[in-house]
Amino acid sequence: MSPKQIDGKEVAKHNSMETGVWIVVHVYDMTEFLEEHPGGPDIILQYGGKDATEEYDPIHPPDAIKDNLDPSKHIGTLIPGSLAPPAPAAAPEPVQSTAVVTTGQVAAPQPYVKPDLSEILSLHDFEAVARHTMNRRGWNYYSSGADDEITMRENNTAYQRIWFRPRILRDVTKVDFSTEILGHKSSMPVYITATALGKLGHPEGEVVLTRAAHEHGIIQMIPTLASCGFDEMVDAAAPGQVQFLQLYVNADKSRTKKIIEHAGKRGVKALFITVDAPQLGRREKDMRTKFEGNASSHQTKGGDKVQRDAGAARAISSFIDPSLSWKDIPFLKECAGDMKIILKGVQSWEDAVLAAERGCDGVVLSNHGGRQLDTAPAGITILPEVVAALNQRGLLVPPGKPRFEIMVDGGVRRATDVLKAVALGATAVGVGRPFLYSMSTYGFEGVCHMLQILKDEFEMNMRLIGAPTLTDVVPSMVDISALKVPTVGNTMFGVNYETMYPAGVKAKL
Amino acid sequence: MSPKQIDGKEVAKHNSMETGVWIVVHVYDMTEFLEEHPGGPDIILQYGGKDATEEYDPIHPPDAIKDNLDPSKHIGTLIPGSLAPPAPAAAPEPVQSTAVVTTGQVAAPQPYVKPDLSEILSLHDFEAVARHTMNRRGWNYYSSGADDEITMRENNTAYQRIWFRPRILRDVTKVDFSTEILGHKSSMPVYITATALGKLGHPEGEVVLTRAAHEHGIIQMIPTLASCGFDEMVDAAAPGQVQFLQLYVNADKSRTKKIIEHAGKRGVKALFITVDAPQLGRREKDMRTKFEGNASSHQTKGGDKVQRDAGAARAISSFIDPSLSWKDIPFLKECAGDMKIILKGVQSWEDAVLAAERGCDGVVLSNHGGRQLDTAPAGITILPEVVAALNQRGLLVPPGKPRFEIMVDGGVRRATDVLKAVALGATAVGVGRPFLYSMSTYGFEGVCHMLQILKDEFEMNMRLIGAPTLTDVVPSMVDISALKVPTVGNTMFGVNYETMYPAGVKAKL
Amino acid sequence: MSPKQIDGKEVAKHNSMETGVWIVVHVYDMTEFLEEHPGGPDIILQYGGKDATEEYDPIHPPDAIKDNLDPSKHIGTLIPGSLAPPAPAAAPEPVQSTAVVTTGQVAAPQPYVKPDLSEILSLHDFEAVARHTMNRRGWNYYSSGADDEITMRENNTAYQRIWFRPRILRDVTKVDFSTEILGHKSSMPVYITATALGKLGHPEGEVVLTRAAHEHGIIQMIPTLASCGFDEMVDAAAPGQVQFLQLYVNADKSRTKKIIEHAGKRGVKALFITVDAPQLGRREKDMRTKFEGNASSHQTKGGDKVQRDAGAARAISSFIDPSLSWKDIPFLKECAGDMKIILKGVQSWEDAVLAAERGCDGVVLSNHGGRQLDTAPAGITILPEVVAALNQRGLLVPPGKPRFEIMVDGGVRRATDVLKAVALGATAVGVGRPFLYSMSTYGFEGVCHMLQILKDEFEMNMRLIGAPTLTDVVPSMVDISALKVPTVGNTMFGVNYETMYPAGVKAKL
Amino acid sequence: MSPKQIDGKEVAKHNSMETGVWIVVHVYDMTEFLEEHPGGPDIILQYGGKDATEEYDPIHPPDAIKDNLDPSKHIGTLIPGSLAPPAPAAAPEPVQSTAVVTTGQVAAPQPYVKPDLSEILSLHDFEAVARHTMNRRGWNYYSSGADDEITMRENNTAYQRIWFRPRILRDVTKVDFSTEILGHKSSMPVYITATALGKLGHPEGEVVLTRAAHEHGIIQMIPTLASCGFDEMVDAAAPGQVQFLQLYVNADKSRTKKIIEHAGKRGVKALFITVDAPQLGRREKDMRTKFEGNASSHQTKGGDKVQRDAGAARAISSFIDPSLSWKDIPFLKECAGDMKIILKGVQSWEDAVLAAERGCDGVVLSNHGGRQLDTAPAGITILPEVVAALNQRGLLVPPGKPRFEIMVDGGVRRATDVLKAVALGATAVGVGRPFLYSMSTYGFEGVCHMLQILKDEFEMNMRLIGAPTLTDVVPSMVDISALKVPTVGNTMFGVNYETMYPAGVKAKL
């Protein structure tokens, strides 16, 4: 049945509880759904009678409305041009238009010019371009971390506390950094880890990564909270292309079962059960996005605003089951069938041991990119004790069974980071934000360029450490004696702290 | 007897030793009291013949004059309007009117706009708003620390050197962070610790905290040096609301006895004897407040100015007994009756052991918010050795007796900080400055919002560490291997140090 | 045969594959050589029909063309003035014309005035002058390091983690810091280590260092990748002046043999085989030089630009043999005859032990000045464990044989740095960049002044540690308990990280 | 014989080797003395025919000319007004006239107003005022350190790595911080250590300190290189006032004998033999003073300028005997008679043990204020191992003999620093620069105010650590577990290091 054509003026009238709340993503009547909306009613009310498409698209999978709304609520499609587009409220606006960085000197700001892709030499470069060209909403969602972002920064810093112990005079004419992850070939020990809301950075969303993964022979982990639909991402894969699925387990178990079984049918090879997020974290930089530019306008009181503060992350995650526990593992294994089961977000050797004992196929040592529990340790920091504990119990290479695989993610920006993880016993490393940044700035070509940079770095650095293959990258190739020395700090406290000045010297802030 | 009405012009004449010194807080003749004034005669002389109300109020409890002055010195009440108000000498003036923070770039200062309460996302935010909106006198008194403020900063920094060891796959649907402190229910393991001079931040003073404590089910510790009177704060409590009392022991023991017994009668449940302040510390930032804006004017010599330098803290504390020692504990216990006795300011395991052996009910590991002895360690830093020492001697959980309770205060800004202390063995954590900042910026609503933020953080973070209740928050949930690595420094030395520059490169400071 | 004189207009026509590619270094026809060019065809094509002399000279030894091109390709010599010089594309331009360094204050930039040589007090000073006066191409090539330059900075930082344990009351009237390196006298325990492309800094190139080495009685290590020719540098030496040769082993073994045997005939005393560079590292600061000033102009796509990005280092190094391994040592020893064989770039005690066992005469603990593998440790950091491992196996002072010599290079700026290495067991220390900076700024006189500074520092500091001779500089003179504490960090991540700000305080950048 | 009156015009003619070199400090003919001048001939030639008084005075003791020049060279006294004063070449000029310190914000510089003495709250404050008001020559001489000033900064930083372990509930009504140093009473465990050239900061020089020492009951150590004469300083002492003498041992032993015996006769109680300065260190910041403001003028070449670079320190110290060794101790002891002998500048436990074994009465753990050997450790850092080594050998409290006394100096700014040294076993702490800064800024009153501040801090802090007397300040009162963690760095390297920036973000220095 072809949907009814609706005039925008009609829509514009339905903007309150009294008139009913219609919004344009097609035109739907949301009045009765308001209270059920996982992100709270406020955000819908705000778009009542308006065109919410731009706001809606990147943070909902395509079938979200169909899955949640009775078909009767579908009023029809909008008559094109009949509704003025909303003022781009908190919408696109570059983080800053200048990019001169100085240290204490007056410099005339220069307009930011996006560099040619050939100028991008490292993963850091994509991040720099993203910071200066993405709209603030997307940048803030991608780049923010939990609380004081101590863990987020530590994820990167921890790698700098590991020194190499390179070997010399080994024939490194041919260097092979290909590997297998859970039995599947990968051109390097790197996979695309799941990150949410890809359309905040690129209009096509996660399928861009799907294609680049194929182009460069690596594995993509499909996120539950993608902007693209699950099937859309599977369809985007080339024949034989391996994909994994990251899974937030739904409080509604039947729904979880349906999702897993569907994934199995579509050829997904492994399930990565997120276990570090019984509730999605607060990312305050992201939450502050909401208030920018209108500090004086919302002079309202308490309570009813709280919902609105939560940022994109929490608005989309209320379905996650906080009761998920070890006793659910058999159920998940049963649903999974042939698919392997990996726990993503393990943060102690005790839980890695439990995972192996309960029959999981591996773990990802992860703190969710520093977005969940602040002052959780970096995955790389706990990797040595996890390996030791598993080895001690014979669980790492169990007789007659495949190796229990350990992966790590968070903070990786260089192939050297990956090689350190491999040396310490990781199968592979998940990379997240750098993929979002390369996709958001240069699209498919950017992601491919990024992967080529990593390959160049692998080739060079394996030569330089004296390892022709990844099996030569062994624990004695790194010195971790300084691994547990903290080097980070609480920047928020530092901003608030008022420096003392001696007599006669006055501070201006 | 209704007091005599006095004309302001009459008052204005009495402004020296010759004419007698009358000051207006009602109109009193202070001439004979000058030398007895704990804060020294100068400050009174300065207000001779003037209206001292605004200066007097926040730093004296309401009954200070009645307690110290003979009724005959009460001249009468001022005829309203008959005395011009004093020029607001060192009085209200925002710390700064701009709030642009840049790193090495020219930025046009923007007027500071106080954010809507709903924008306040963390305890840091209250502090930022306080810094930019409080008058300098109040901000300096609250925010300053001893000497080079090394300990004050360490109090916060120490928490960042503790990493979590979170557990996964535990059912955290329901999270319960309520607890008991000294046998009394608290909605979370946090109490309002005693801080002085609440009226420097809010005209109503500490009763604002009393009401918020009730609203959110936590316990307030009443300070000896409150701006509000003791009874006023007890009266402000709701029926059944638990309050503790912080006590500076008076050199005059009979006075101490009277205070304790009165507290007992009024229902106070525990006495927190301050043991880290035989003398109140020097807080140089606070002391500098006096000199701001008039650097060239006081070209006087030495001596007689010293008294004036001492800042608010010392002016109000000369009664404190520096002879207080372990031999006074039996006397205090006797006065206390049913009230529990806690030593506040313990800084070594040796003294914690002594406290337990001498029959105290607990200790607070505290350095007085970094306001007393600089380079004293953070309470959280010594907590592990205190717990170990008590345990080793069977003093922590003595057979047949209530647990000896250990509390910690100083530097806490996040629920994660509190959870680390609980994991290491603390019953609860005292929070001080954040309450002052939330009260000073948004009043009662601000304090409630702050407590709600803490509750949200507790709920989230207990889920994320895998602890449904506080009894699940155990030592193995933290990694303290880096706890004793110092990360702070002496900023004053750094400001004075003149950086070297190589040839041809000249520094301009 | 006198070469033919060519008119520039004729040359200018030969600028593509169609017309043939002539370039002016004398006039050669490069058409057929394009694909064989170690630096790739693009860079030659870019100069087709143009005068490439200025670009060619500093990065090729004088006999490069004769060795690689058939004489028939030599078209002739250019008729002077008949070809317009190329626009000085990425050419000389001072790094900056101002040198005021301020910390957060507005300062009017002052024009940089090169200081008189007598004002140069330390090796740091040469570096400062070089930074402000060298053209960007030379500065970037010399000063850059691998990846995030963590190792490059660590090389210097590591020395600051070693404290002296000076001795007193020893007669230090006469201080003798002369020594022997591989049996050859040196006026101090310092040698000039090999660095490439000396003409980027000084038009005469490495021979300037040859002369200064003689003037001050130290040993120069001749680099394979010098701008001057090998024989030119040997000819520049005074009679009896000792020289070493650094060697990149060529994939073409016969060529290597020829080079070594020729070196032996010319009197070179020792071969330093570079073993840390099977492939030359990426130095991103250097690579960025290419793009400066023309961000918007090259809107070309992918692929064909990659070659161009590689910077000077890689363009000149494609001949290096990545298959070089321990099995080639006997061949190298045989070619070397009487010359000693030292492995330069050893980074673990395991390989130092192997080197001694395979009959090498010594090792240089080096990470190639931080230019190869980032997060490789500083040589000084691993020196203690190398000495211990060799000693334990009796390999350091083998009975009846000369001592196995350990050298260190990287990050040295002070005689104190050298003395620390000597105390820990090094024979001598290689210094690289400081020689380039002194040569590039003040030429021969600059290098001599630098060596005099080092001698002054040695005399003073040996007095101050109480060591009349280098044999008195023993392990107990240093405290290395803090050697393995990391103090560096990833600046690139830091630049990208967006600092958080509390509510109401907005960041600009 | 009354000296001849000389007309200035006559003097002005004698300004070269040809005419003879007369200079005005009285009028002397220096021609023949030029080559013998310890500071080199250049500096004298520069003042030939001119009035050198202002330059001469602060860096020579009064009897320097009489001791070194034949009376025949005394031409006579200058006819007043007959010689124009020299242009104040590198002379007085405030370090800077503004004192606004900002962190990354544009601030209009404000004129520096010297604070009233009553505003000076800490020793840091004197340093700040000195930095902003002293002439650059004096400031640079006082404030500079050796090489990269790493040790100078470490001297202060090391104290921040020691945490207190304060005790509570001890009767601290009366606090007594008086002590005995080498058997002589001192009002606190602090003495004025020897520092050179007092007249660079105050026209009266070191006698100002003599008087203040008496006023506050502490002991002054008279410096060899004082601006005042030795007898002048002894004469300035009050009857019974104890003084020590710091001694640079002269290469001419008979001269040393004469000095020591004279000191004994004048009542000096102890000799502090400087053993860390066989040669005076290079302080580059001080040396740079010479070049300021005239970078372009001296376009001269090499060599002959070197002498001029040496700065004040080396110009006055060429007499020091670098051959001084343990075998000279008996000679010094014999000269000393009843005076005690202390070695100042011990930097290892081995030498402290030797000192005790050779019959010295004590040592000062010192690195000469960071002015000699850079990266020598702070005295406080090695104090624990020195005490342990002496104790182990029974040398600290030898049976039947006075305690072997250990003193420490360098970096002290707070009474807490001193108390840490006392806790770890030091008798007392030498303070140097803070005395110079208080003297240079506020003269006698300033020094007294500084000593009063220290006394206030002692009283307060001994209360706060729970120590009624210094014998209660014991090792268990400090936690030194983090003492050996380095926190400093090489700022010169940091200034030269060019920070990397990602693509599209360009640095302007």
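Letters are used for the chains, namely A, B, C and D, taken in the order the chains are written, and counting of residues starts over at 1 for each.
Just so it is clear, a contact is a pair of C-beta atoms (placed from the backbone, for glycine too) under 8 Å apart; a residue touches a chain by one contact, two chains touch by 3 or more.
Molecules present, by chain and UniProt name: A, B, C, D = L-lactate dehydrogenase (cytochrome).
Only a predicted model underlies this, so the values are computations on that prediction, with no experimental measurement involved.
When chain B is fitted to chain D on its Cα atoms, the angle of the rotation, on a 0 to 180 scale and to the nearest 5, is 90 degrees. As for how the two copies chain C and chain D face one another, under half of their interface residue numbers coincide.
In this structure, the chain pairs A-C and A-D differ in their number of contacting C-beta pairs, and the larger number is found at A-C.
In terms of the distance between Cα centroids, chain B is separated most widely from C. Separating the CA-averaged centres of chain A and chain C is a span of 42 Å. One finds 59 Å separating the Cα centroids of chain A and chain D. Shared contact sites, meaning residues of chain D that touch two or more other chains, fall at 100-107, 113, 115, 119, 121-122, 124, 127-128, 148, 284, 288, 291, 295, 485, 492, 495-496, 499, 501-506, 508-509. Against chain C, the residues of chain B that register as touching in their complex are 99-107, 110, 112-115, 119-122, 124-125, 127-129, 132, 499, 501-509. Note for the complex: chain A touches chain B at residues 100-107, 109, 147-148, 150, 275-279, 281-282, 284, 287-288, 291, 295-296, 298-302, 305-306, 308-309, 322-326, 328-329, 343, 345-348, 350-351, 354, 372-377, 381, 484-486, 488-490, 492-493, 495-506, 508-509.
Contact residues of chain D toward chain B in the complex are 95-96, 98, 101, 104-106, 113, 115-119, 121-122, 124, 127-128, 131, 143, 148-149, 153, 156-157, 159-173, 284-285, 288, 291-292, 295, 413-414, 416, 420, 445, 449, 456-457, 459-461, 463-465, 476, 479, 481-482, 485, 487, 491-492, 495-496.
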